[in-house]
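Okay, so chain A shows up in both of these, paired with chain B first and chain C after.
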Partner chain A sequence: MMVRYGFLYDESRCISCYACIVACSSNNYPELMEDPNPNIFWGTMATNIRIVIKEQGRPEQILLSCQHCERPPCVEVCPTGASHVDRSNGFVEIDYDKCIGCKACITACPYNARWIHPIKLKPMKCIGDACKARIAKGEMPFCVEVCPAEARVFGDLDDPNSEINKRIASAKTVKIKEYLGTEPKFYVVRG
Partner chain B sequence: MGDIILKNEQEKIKLTRRDFLKTAAFTALALSIPSGGLKLLESLTESEALSEQAPTSAQPLPAYIATSCGMCGGSCGIKVGILNNKPVAAVPIEGHPQPGLCGRAAMLPWLYDNALRLKKPMKRVGNRGEGSFQEIPWDQALNEIASKLKEIVSKYGYKSIAITYHDCWSSYIPLFTYLFGTPNGIPHVSTCHLAGSAARSQVLGIAGPNLVDPDYENASYLLLIGRSLSTGIMGQVQRARSNSKLRIVVVDPRMPEISFGNAEWIPIIPGTDPAFVLSLINVIIEEGLYDANFLKKYTNAPFLIKQDGKPLTEADVKQGGSSTTYMVYDSSSSSIVPYTSASQPDLNYQGNVTLADGSTASVKTAFLLLKDRASQYSPSNASKITGVDEDTIRRIAREFALYRGVADDTWYAAKNGNEYDAVKGILILNALVGNIDAMGGLVFQESAGIPSIITLVTSGGKTYAKTIYGASMPQEMFADSTQKRVDQLKYKLTLGTFDAVLDAILKDDPYPIRALFVIGTTPILRDMNASKVIEAYKKLDLVVFINVLYQDDADYADYILPDTTFLERDEIFATKWTPHAVVQMTRKVIEPPEDSDPREAVWAMFEIARRAFPERAYALGWKDEYADYSKFESQFVPSVIDAILNSVSSKWNVSKDRIKQELETNGFYLLKRKSYYSRPYKSPVGTPSGRVEIYPLAALASGLDPLPSYSPPAYTLPSAPNEFYLVNSKSPTTSLTATILEPSKFLEDRKVWMNPKDASRLGISDGDAIEIESIDLPGAKVIAEVRVTNRVREGVLYTRAQAGGRRAKKLVAMRHFSTNGVNPEFLAKVSLHPIIGYGATNCSVRIRKL
Partner chain C sequence: MKRIFAVTLSLIALIVGLVLGIVGFGRKEVGEIAWGFLVPGYMFFAMTAAGAALVTLAPSLFGYEGRDGELRSLRKLALWFAAGTLIPSWFLILLDLSNPGGFIYIFSGFNPDSRIAWMAALYLTTFVVLIAELIYAIVKESKEAEGVPKKAMGAIILTMIGTVVELMLVSNLSQVFGVIQTFPAWHGSYMVAIFISTSLVLGAAGMGLFGSLVMKGREKERRFITSYYGKMLIAASLALAFLLFWAFLSAYFDPMAWISFKKMLDGSYSIAFWSAAFIGLVISPILAGIALSRKSAASLMASSALSLIFGLTLLYLLIIVPQTTFFEVIPGVVRESTYAIGTAEILIALGGAFIWGALIALGFILLPLLPEERARKLFIFK
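On to the complex of A and B.
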């Protein structure tokens, strides 16, 4: 069955408990749990979610991850075709058998949504393997499952009855850097 | 930082260089091919072909078990995922009345086998404070502790033993006090919820912070003063966030995390909350926005108060009248009558009354006294104190009344020494708008009726301490257990003031304490003037530290006993933070790590007692075979759980098997849903009058001013250009356990926040190092890195509590990330409320750029 998954992050509801970040890390990268500097690219945990705080004016925070763009620059620049859009689910994915670790995708991603695995030396990003396994079982990815504030929604953008489409319909959403023509599938409700 | 560019802001924000390069690279790539779109399409077509492969979902999935989280004291309902014999994940329990999850719970995979985990008993080998220990067998540790205890008791008596604790094992502490014959089981509350609990017990007749709470999911307007909803109990957040109509206003010197979202932040001068609240009361009364009907029927607002502050009673006006029948002016009969028989009690009466002895007394309603008091805090006056402008105060007051808002009754609030007045005012505010036990208001929790582990019963003229599992200790064995605690001898209304234990250790005041058990807590990160705690540790004859991780206080222990984590034990208790009556379980989901041998603190305490005072242990139901830990787990623990289940089953008339089955499957059993409009509508609240008391008679009886007032914080106020308030709070990832687990390295902010205006004035930049010296404790200094942010009010520095500045030798040697930052307890002086015994963990400091 073809689906087109997207994410919604509701900044107005987020409480900054960071359960999503921690759960993403321990479930998708358990091998890096004891690494003292697992993600030198972002200076944070081995996680696919990056904390972005805007201090100017009214402070805002976005917990940002791969936007699963319809027209992803990371796919565009990939010399081997490792980075690709999986049209069966809409995810931007990496075929690690093809990936040569050239980091072109990391440079090209305007969202800084990829980081380098310190052991595998290859780019990592949302969606992680543990989350993919959950989705295959009909469950929510970890970041959505653990959120106590209903600040995260995941679902099929092509299904008019999906929870994500209901939230998109009921709240004013924006997409980050949409002007770049990347057609992100990561909706943000601003605080 | 600063690289969010949202669609509707794009014209305003310039691209950063990095963004520009990336965009340029992307554009260049697209332009390098005549039809860039086509290239993209080709690429996608190729990947579409690739995606024909099966999804990579073959990896094994964890098996989930419903239990409760123990990463902080909240005990939220979570499911723990076990894979390859390790806890690897946590998810919330759907439908649980207090569901997880937060960052703390998500960190549990790091807790289980952490390098800082206490795995075997250890004995000190160097001096106290050096942090040198050697592993010893359990038997040796227990025998040596028991032998030392016997020696101490023979010299100083049973009451020279003290136990301090936090939430962990708190239900067992009364049992431990009988076990060791001491009254001194003393919790953390003087630096936590004590001020609020005193105010709650006087105004609402109920103490504990969780026994009354806002009805988050049904509220329309939530006012958070001294509370941020950012710490612990994410179920409350979930309930608040599921309520789309809820407006949240938070009053705090620094911006709590919730204000990244849709919560208005009002930056207030630290320690001025009582003046702010009184000003709201002033506006609501002056503008007639209060619920007069509620005040007349369900509060003591119409009670007539004499000039000496005491209520006019029937005994005052009638020979032989009752001294607990309070009088009101009934406007329907134009007479002064008992409050229970007035049909139209007058809120605004004042006049003279002829007393039974023929004299005349001038009286005024409690409501008018409140009005008079609040009139001292007009928005214009309060604005000068609080730094919040008049218009904002008026707006918040009007919004609160018009929305029939609810003001949170606070939790971890001991910050400035005047929180008792702040919380009293907050509770009165809720009463003024009639929002007590109403849907969306401040509601009383339905009691699950979990019995106490030990209670005093009298039978055949003799008193026994009877345990829930059937053992009983006769009165002649109580020793000092039923005496007043050492803190209660000093602070009449305290529920726990650990500083009194320190005085007993350091000055034998009022008597010597020589042995201290520190169970599941860390006073060095908990109590004001941590240096005094350390001084006391050094003077003790015996210090036993029981915990799951190596915390600062372990350095000063003679013996360290490894406790089980919440993943490795069974417990049953009432769900704490829900308005419903619910019972839930913590379950042993996994055996402890292979190289470890932790034992429950309950087992360790009984085994120490069995060796030191065997008759006491046996009287409380201990058996020799429980020395075998597996027997303790398979016999003693189930006997306690079974006894509690029996009691709950009979109270609620539900079969034990059914409760048990639900607990095993879902982790909780809902006994009764919240029934609104119960107290004080259908049954009295636990105050002297049975009503909500806006003029608390219990306060009067304890020598306290019944009405809230504002007095400055308990510390010297900053005055020089380089002097600041230093305020603290926990973050959404803070707990004593979580802040030393690896994710905390990246998620906890250990910098000290400074407003950009202050930073610019003092020539300080983001990332600069400063020395911070306490004004009230000269010489108490720390070094910190500055975060320049407008998330803190001008003139105020902010640091996390219990997150940084750790000094345990082991952590320092490891260069552990938790040694960065500030432990504010080293800078705050001990300043305790003379009657309630709560303290202030905020302080004032002077800074120097390094």
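On to the complex of A and C.
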């Protein structure tokens, strides 16, 4: 069955508990939990969710992950086809057998949504293996599952009755850096 | 005996280079930016190689070969210098990958949208064409020495293909960065002009230095090298100075790109930028001018060495500095990163330098690269 998964992040509901980040890290990268400096590229823990904070003026925060773009720059620059769009679910994925670690995808991502695994020295991104396994079983990704404020929504954008489409219809959403023509599938409700 | 000693020394240097590279590869670490020193490092070799072939061979397509055919006599030297310089660029870029053995997937899963995929194809093509040109030149001269005349058409066709491929290599290399929207200081097509002129500066400098060294004691050839590459260095340096000025001027009207360019003008990278610009765009052309007026090979060698340092520094700044500024997904928020060359990168780059020297020396020892030298063994060896 063909689906087109997307994410919604509701900035107005997020309470900044970072449970999503911890859940992502501990489930997708358990091997790095004891590493004192697992994600030098972002300067955070080993997670696919990056904290973007605006401190000047009206404070704002976005907990950002891969936008699973319809036209992903990371896929365009990948020399081997390792980065690709899985048309069966709409995810931008990496075939690690084909990945040579040139890091072109990392420089090309205008969202800075990829980081470098300190041991494998290869790009990491949402969606992690553990989350993918959950989705295959019909469950929600960890970040969505653990969010206490329902600030995160995940679902099929092609299903008009999906929770994500209901939220998109009921709130004013934006797509980030949409002017770049990347056609992201990550919706943000600005707080 | 002297030859065996030189070959042994070159092979030792080659092994030292390989060992340094392997040791460096095992010590690689993650930094705050994705593309570190090895990227400008490999570009330095690739652009020097393409530039050396372009400045020495392309003029023959328009009928210029020097008053007494001096440029023709530098042909084999330039071809080996270019081919031998291209190899360390592969070495650096392969060791910059986390899975160098997987490079074969670039060809098996070729993505035509990817500039890097095209780089792999162009490197291979350029190397094959350079070697084909070199073998053709060696065999042709040997046949002519035996009294068998060969038509010049083969050399012209190969030079034509070589010139096109080398220009494509440098242009495509610039667009590895030019197509990336993440860093506004890279994005756009202006990099093509800067890369081509930098390549000509590096190529002229490389050949000016290498040619002057190997032609020691041959006054006629050295005089030509001093005059020809001296003029090339001045012309290419002035062109590059103008294009850099134009790039900075254009960036001034693009607030996002300007942040990176300003770091070079009066920010944290200004000392490196102004020092490089001073030695590469002021001192080096002056020394090349002195070399021309006084027919001084020493001045040309000094000018060439400074231009090589300038070229490497310029590439470093053009590639590293834009990556230190990321424009966040929330408008107005800028994320700054820092970068320092790591031990692994130094080891791999040193390895590349050893391999470069060893290959150039081996070619000079084993191949008939000097004007009067002819192949005596296995069609192409001295």
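The working rule: the second predicted complex is superposed on the first by the 191 of 191 C-alpha atoms of A that agree within 3 Å, B and C clash if a C-alpha of one lies under 4 Å from a C-alpha of the other, contacts with A are read in each partner's own complex, and residues count from 1 in each chain.
What we mean here is this: contacts are C-beta pairs under 8 Å (C-beta built on N, C-alpha and C of every residue); 3 or more make two chains touch, one makes a residue touch a chain.
Just so we're clear, the structure is a prediction, and the values are computed from it rather than from any experiment.
> So, A:L180: does it touch chain B (first), chain C (second), both, or neither?
both
> Which partner does A:V52 contact after superposing on A: first (chain B), second (chain C), both, neither?
Touch status of A:V52: both partners.
> Of the two partner chains, chain B (first) and chain C (second), which one does A:S12 touch, if any: first, second, both, or neither?
In the superposition, A:S12 contacts chain B only.
> Looking at the overlay, what does A:A136 touch: chain B (first), chain C (second), both, or neither?
Only chain B is touched by A:A136; chain C is not.
> Quick one: is A:C109 in contact with chain B, with chain C, with both, or with neither? Answer first, second, both or neither.
It touches chain B and chain C both.
> Quick one: is A:G101 in contact with chain B, with chain C, with both, or with neither? Answer first, second, both or neither.
second
> Give the label of whichever partner, chain B or chain C, reaches more residues of chain A.
Ranking chain B and chain C by residues of chain A touched puts B first.
> Would you sort A:G43 into first (chain B), second (chain C), both or neither based on which partner it touches?
The answer is both, since A:G43 touches chain B and chain C.
> Let me test your reading of the model: by the given contact rule, A:G81 touches which partner, first (chain B), second (chain C), both or neither?
After superposing on A, A:G81 lies in contact with both chain B and chain C.
> Per the definitions at the top, what is the overlap between the chain A residues touching chain B and those touching chain C?
Touching chain B and chain C on chain A: residues 43, 52-54, 56, 60, 62, 64, 73, 76-78, 81, 107-110, 112, 176-177, 180.
> Mind listing the chain A positions that touch chain B in their complex?
Listed in rising order, the residues of chain A that touch chain B are 10-23, 25-27, 30, 33-34, 36, 43-45, 52-56, 59-62, 64, 71, 73, 75-78, 81, 83-89, 93, 95, 107-110, 112, 129-130, 132-137, 142, 145-151, 174-180, 188, 190-191.
> Where on chain C does chain A make contact in their complex?
Residues of chain C touching chain A: 28-32, 34-35, 96-100, 102-103, 105-106, 108-111, 113-117, 119-120, 176, 179-183, 323, 326, 328-330, 332-333, 335.
> Looking at the complex, which residues from chain A come into contact with chain C?
40-41, 43, 52-54, 56-57, 60, 62, 64, 73, 76-82, 98-104, 106-112, 116, 118, 120-122, 176-177, 180
> Can you check the complex and tell me which residues of chain B touch chain A?
Those residues of chain B that touch chain A are 1-8, 10, 19, 22-23, 25-26, 29-30, 39-40, 43-44, 46-48, 50-52, 55-59, 61, 88-92, 99-107, 109-110, 229-230, 234-235, 237-238, 241-242, 255, 257-262, 731-733, 742-743, 745-747, 789-791.
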